[in-house]
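Questions regarding the structure given below will be posed in turn.
Residue numbering begins at 1 within each chain, and the chains themselves are lettered A, B, C, D and E in the order written.
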Amino acid sequence: MNAIILTAIWGVMMMLGGAFIKSKTTPKYLAIFGLAAIIIANCMQMNSGMAFFSVDVKNMLHFNSFNLTFINVAFGCTLLLFLLNGRDIEKVGENVSEYFALIFFILCGIAIISTFNSLLMLFIGIEIVSIPLYILTGSDKRNLKSNEAALKYFLMGAFSTGIMLLGIAFLYGGSATGSFYIDNIISGNAPMPAMIAAGLVLLLISMSFKVSAVPFHFWTPDVYDGAPTVFTSFMATIVKAAAFFAFVRLFENTFGSMHAQWQTLIVILIAATLLIGNLTAVFQQSVKRMLAYSSIAQAGFMLFSLFAMNNLAKEGLVLYAAAYSLASIGLFAVLIKMKDYTIDGFNGLGKQQPLLAVTATVFLLSLTGIPLTAGFQSKFYMLMAAVQTGQHIWLVIFAVLCAAISAYYYFRIIQAMFFKECKEDVILADDITPAFKILLVLTAFFIIVLGIFPGMLTDWLYF
Amino acid sequence: MDPKNIWITFPELLIWFPLVAGLVTFFIRKEKMVKQWAVLASLITLLISAASLIYADNGKYFYYNNVSYYWLRYLGSNFTVGLDGMGHMLTALTAISFPVIFIATYKNNYKNAHVFYGLMLLTQSGLMGVFTAMDLLVFYFFWELAVIPVYFLCSRWGGEKRIQATFKFFVYTFTGSLLMLVGIIYIYMHTVPTAAAEHSFSMNAVYGVMLSPEEKSWIFWLFFIAFAIKMPVFPFHTWQPDTYEQAPTSTTMVLSGIMVKMGVFAVIRWILPVFPDAVSKFDNIVIGLSVIGMIYASLIAIKQDDLKRFVAYSSIAHIGLMCAAIFTKSEMGLQGVMIQMFSHGINIIGMWIVADLIEKQTGTRKISELGGIAHKAPVLTIFLVIIALANIALPLTNAFVGEFMMFSGLFQFNFWYTAVAGLSIILAAVYTLNMIQKVFYGEANSITGTMQEISLSQKLILAVLVVLIFLFGVYPQPLFDLTKDTVLNIITRLK
Amino acid sequence: MSNVFQLVWLIPILPLLGFLINGLGRKQVSKTMAGIIGSGTVFLSFLLSVAVFFSVKAGNTHVAHYFDFINITALKIGFDFQIDPLSSIFLLIITGVGFLIHVYSTAYMHDEAPKDFAKYFAFLNLFVFSMLLLVMGANFVIMFIGWEGVGLCSYLLIGFWFKNTNYNIAAKKAFIMNRIGDLGFLLAVFWLISKLGTADYHTVFAGVSKLTVTDITGITLLLFVGAMGKSAQIPLYTWLPDAMAGPTPVSALIHAATMVTAGIYMIARSNILYTMAPITQGVVAIVGLSTAILAATIALKQNDIKKVLAYSTVSQLGYMFLALGVGAYTGAVFHVMTHAFFKALLFLGAGSVIHAMSGEQDIRNMGGLKKYMSVTHITFLLACLAIAGMPPFSGFFSKDEILAAAYARSPLLWGVGVAGAIMTAFYMFRLYAMTFHGKFRGTPEQEHHLHESPKAITIPLIILAILSVVGGLIGIPEIFMEGGHRLEAFLAPIFKESNKILVDHPIDHTTEYMLMGISVGAALIALVFAWSKFSKYQKADKEETGLGKILANKWYVDELYDAIIVKPLLALAKYFNNIFEKKGIDGFVNGVGKAVNYGSRQIRLLQTGQVGTYVLMMVLGILLFFIIQLFL
Amino acid sequence: MALFSAIMVVASKSPVHSILYLIVVFFAISGHYIMLNAQFLAIVNIIVYAGAIMVLFLFVVMLMNLNAESEPKKHRMLQFAGLISGGCLFLVIIAAVSESAQASNLVQLGGGNSGLIKNLGMVLFKDYVLPFEISSVLFLSAMIGAVVIGKKERS
Amino acid sequence: MEIKWYIGLAVALFCTGIVGVLTRRNSIIIFICIELMLNAVNLLLVAFSKMHAASALMQSNPDVVSDAQIFVFFIMVVAAAEVSVGLAIIVMLYRNTHSVDVNFLNRLKN
């Protein structure tokens, strides 16, 4: 609760602040400060159940250490993003504080969709997340790509909203007494009535649109490519993770009891997502676009949590969210500093900026899933969860083969950085501050620590 | 001997010391200092390993050689490392190889040497981990970690086609180990619950896993492919010659001298005891592949014109024999493999050193361009002839004992496999003598005319190797005594 | 007396020491030093061998265990030596003849540079060491160690002048052919181990009854393959003539006196196995005999003095195997001994001739040498008489014993054997006559520094000559003198098991006299014919025709091997290397990568950038999911 | 009638017309609302949608004076495919759902007063106060967005 | 009057909207069609709420839930918000390209 209300309030503050503060840098510090405070508040609620506001939520939201932990992860990553790329947010346009305000609203939405207990809250939460995103995508107004991305995102987003609503409507109609509470829409694992089934399929589709699972992923590459890189990094990591969390939460609480009846769809989703995502990424020349596809591929792995639906899977999801977000944010942070976003643009980074190159390597290894990095642990959890179900082992094998393919494109960057000669003498767009370096190193370090002791994160989920 | 008053155990030392040393190396700037430091560090590791050999008796000094910490305790995986006979032998091999390699290639200069030597030491630490891991997950960790530094070493300091070659190597092994990972998880999910967690990765749990024969059969393949790629066994070998050819020689020495043993070791440690029935189900296929590989590789070796590729293929042939011998499941075969792992490590490193010396001086590896080195550098020649003959298992050299026992193990398994595999003895003679004759005998030509005799330090290193060769060729018993327990345990499990 | 046995380990160790000193210090030691060390060590072990011999003669044998070579629960192989009549005889031959040849070499190799000189002696000592190991080993593994060791040394010594590529190729050929044999040997050992769990002689021979007939036949045949390689029998004999590339003393020591007889030693050692395997015996006899004939025929037309001797060696070895095949083990060993004497003598003589002719080896360019080098001439003549089997020279006794045994088995064998003997006599005296009689056919400058060789060469010649004259007397047939066959009595303990089994149908004395008469007479005729034909030989370079041509080209055996084995093998290797490896396996691996790339390039096109298409895709997806979920 | 005009929305060439048709659709729907005695929603529908939103649309269209422009067709194939797949979807969903038409779920006209403003207001501000507040956040963000996007960049 | 007719109608409207999205290329019209879809959903929801209310009445419990109508209300709210943003985006694009044709949006592909 703290998180939701505080983010909302802070968003408003930022907005108003934008009206009075003229300097471009202050909003950043404001935002960082606020976010830090909010995280602390959230932790307080998590550890000692201390809530600043006593709102009767009428059971529309539901808080437990599990989703509070997730909120922490999401907010923490955002904080990291602010710290790393605050200056780049300033570069995007002139209404800096508004951007921050929007991000805060998005965070509010994220908090909602990770705690929702009623379809209504889910719907509103998702809208709160998406509408500001449309704007952020288009925020680079002069850039046609950005505009185009915004429109595409908006149209398809709205379309998927319609589908989701239809699904909700059917669920409502199909439920016994007509209710939007996810846990009493259906009970028992009897073969579900057709209307529920229809609702389920529609919801499944709209959610997989949000998490960009094949074949509902088409918006992803274009939008990620078009949007300003800072916001791409935000979208591709935190928002996506949140969407996943909502996805799992929804399906676990609503349809968990009849898991077996819709597993087939998930299997298809996973297979398609892994295949398309990895294959398409192989040939990309622009790193940004490649990362977009790789995010699809990673989504394929996260879908395993939906496939398995056991404790390992849930831990794994949180772990995966953290690992994937950290690595991607770090990588994007490096990418933003580059002049040329193509892979050749990275040539010889290892010589000019060894530190950047090394940290970037750690991120890439983590994304590939090499042991000793968080990436490995998360994949490991997912695979374990999948194997624990004891069915569709072929899918697991397929997944690891795809992971092998992913090594192919991630390592292209490593090769470029270390083993190729750079053409021009400077390949960075702007100078690197020591703080930036330290942060990167910290991130890398944290990734490795998580890779050795994933318990640090997963143990929070229980108490 | 109370475990409490042992503050650190040998396996830990063997893993952590090179790791720390390696990390330190990254921060030394002066190239000369880097080299000295690397040599020193590797020598200290050698001392540690020597000390551990003194306490090799696991009955008396169990707590010196085995230790376990909580790691992912809720997953039931603990950081368990220990040294049994095989572990002792292979860590010793690793510990010996690195100083030898460092000193032998002391004259080679690398761009940012500190990174190079740092990575080398990290590799050593990873290898030590693989050989000491007593927990399947820990094993998998080190298994991967040992490869990463090698990947960077090869594609940073290698030959001109290095990037593709190394990348092929990496993806190939990575795919293999991912498949193995699936197998690991599957086994884990079927281990019996323990007090700490509901499943466990610990060695005993894995050895005692309950699986139906069909499951075991296909998991066996998941594991075996991973190890077969690393060894490499016949159809999975194509990454090897390219990588050996492209990699910087000192890395190649690590690759072929020790890393190859990872595969052999892993088969003995993680396949034989876990899937005994699957092993006896597929032994014919595996042995068949290995034997084919031996002949195939030997034939190709005859045609090789590049010294490095030549050694690579000869090594494939030898590995084939080891793999075949393992799957005979006979004590004789396994003992042979044990001693052969050690001998092959020594011999092939020797081969690489000589090849490197020649390349450094003449600037070419083409066998056809060399010739007549024998009277330019007689000492070098003598060393090479000895090492090469050891490589083709002449009696009283270390390889002979190993091959003799492996063959007789294979013979007990099946006569015809042995007869066919035996042809490789002849072919080995053919290609080795061809090489010796072309490179060393005959008249010197323009390229080899400038050949100098090798320096004292190099002589010393080679002398050390040669001494080892003859020592274990005449009196191999120590190695047998060291590894006897391991072998017998495995045999009893196979029964 | 048994205290000698405490010292047997010195016998092989001394030459090893010599090897180490000469080998490591080859830059330091002077030529004389090297010579002294080399010959001295061998001489010492000769003395020891003599001592051992006498203590064995006194009737006690000895097995010494030094340390465990391999000791695991499944297999125990000790580093053991076994001293008994058989090995003691060979000890004498090896060290004795070896010593003489060392002495000879000091003079013969005198033109070499000091360090090569030292190297030469090092190798020679190493050879003696391995050979001793071979005969002293108490189990097949130790024997195999020596077995491969001698092969190695012969490789090193043949290729001693390594600048000459042809020599290297010859050396390589020798080594590889030996390896082929070694494989057979190894397989046999494995077979023994897998059946009896040990490789010790006494346990094996004791446990022979445990083996099935198949086992024994298989084992013996495989062992015989080993013998073929080492002792140059069909089909693995071609390396021996080429081996003449080495220095002549080497040829004398390795390729005449000792190494090539390792095969005979091995079979004699495991005689009991062979006795139990009649099939193998048949094979051995036939192979031996045919080798004898084939080699003899080839020898008829050779003009290189050493080649002739080489082929004669092959053919003599054939006789020995014939003996083994017909179960006359003693005869075989006997012939080994006598052959060691006279063949060594022949080679050394040839060496002295070559030395005098300053490297010339073609007998067509010699002739009339007897007036220049008398000692060589006399000794050579004696040796020729011995090998031609003229009584009372040593060759007569041994060869006669073999032929008699062959006759006992079947007259046919005997007949062919005699034919071989005749040819032997013929080509030996062709050689002798062309070399020493007639008038000199070489170049003037060769002629004017023709000279008798130095003492170091002639003294060994004389000693060997004496031996090859009287050497036969230790084995006088029963018919001449009761108990005259001392050798047989001496070796009896080794062969008694076999002799129990072997049914010997004795041939009455008249027949035996007749046989002797025939063979000797025939040989005599051939001898005289050859002498008369070639002592007036004139160089007439007319092209050989018909059979002569085939013989001169050694039946084209080398070409045959090259065509049916070497070339196909290389072609296969080439195919594997260039096609199968690159296109096949590696091609597949890379193909996967290419496939991924291609797929990526295609799938990429799905992303058209058109919102319409995207939505359409989505709708299709929706349709698909509905159908799957609700109607399937 | 609703259906017909809906189709016209899709079919008609000029945007203006389709907007007008859409308004018709809204009216039709509101009629249904009343029939389903959701009077409040009916009113809101008329006011918000037909009144506000559509006017907004009209403004935009006028401002771009698109009515003149007759858009060139996109390739028939794609259009046809769209038509087909839409139809299929319709059939599929109907087929899927109609199975579950139980007897009980007939919707009687009249009776019940759930739709009156009073009760709705009670529910809305008692039970649904949280979403109500939250939706304010939504509006805020939308507002900011509109401003950020809409306003001209200086410089 | 049975519920199924309402379902039919709503789904029909919805699919009409989809067809519109698929076939038209003027972004405004596409947007309008999406609005159409939303309204279809509204209709359906109201119908369902009525249905449940009716069944509740049959089981004769007076206080009738009308969540669905609230939900519809929120949908309208959200729709309004979306419209404002969406139109803003379209206008921005029109400023830059002087077209609202979605087919010209193909700078980003592959």
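The definition used in the following text is that contacts are C-beta pairs under 8 Å (C-beta built on N, C-alpha and C of every residue); 3 or more make two chains touch, one makes a residue touch a chain.
Predicted model, so just to flag it, every value in this text is computed and none were measured.
Between the contact lists of chain A and chain D, the overlap consists of C, E. Distance between Cα centroids is largest for the pairing of chain C with D.
Here the two chains linked by the largest count of contacting C-beta pairs are D-E.
Here B is the chain whose Cα centre lies closest to the centre of all protein Cα atoms. Chain C and chain E have Cα centroids lying 99 Å from one another. Taking each chain's centre as the mean of its C-alpha atoms, chain D lies 5 Å from chain E. Chain B and chain E have Cα centroids lying 67 Å from one another. In whole angstrom, the spacing between the mean C-alpha positions of chain A and chain C is 79. Multi-chain contact residues of chain C (touching two or more other chains): 593, 604, 607, 609, 611-613, 615-616, 619-620, 622, 626, 630. In chain B, the residues that reach two or more other chains under the touch definition are 171. Among all residues of chain D, those that touch two or more other chains are 74, 78, 81-82, 85-86, 89, 93, 96-97, 128, 131, 135, 138, 141-142, 145, 149. Every pair of chains in contact is given here: A-B, A-C, A-D, A-E, B-C, C-D, C-E, D-E. By the touch rule above, chain A contacts chain C in their complex via residues 152, 155-156, 159-160, 163, 194, 197-198, 200-202, 204-205, 209, 215-216, 218-219, 221-222, 262, 264-265, 268, 276, 279-284, 405, 408. Across the complex, chain B is touched by residues 365, 370-372, 380, 383-384, 387-388, 390, 393, 396-397, 400-401, 403-404, 407-408, 411, 415, 418-419, 453-455, 458-459 of chain A. Of all residues in chain B, only 71-75, 140-141, 144-145, 148, 152, 155-156, 162-163, 167, 170-171, 174-175, 178-179, 181-182, 185-186, 188-189 touch chain A in the complex they form. Residues of chain D that touch chain A in their complex: 93, 96-97, 99-100, 127-131, 134-135, 137-138, 140-142, 144-145, 147-149, 153-154.
Touching chain B in their complex are the following residues of chain C: 67-75, 141, 144-145, 148-149, 152, 155, 159, 162-163, 165, 168-169, 172, 175-176, 179-180, 182-183, 186-187, 189-191, 193-194, 569-570, 572-574, 576-578, 581, 585-586, 589-590, 593.
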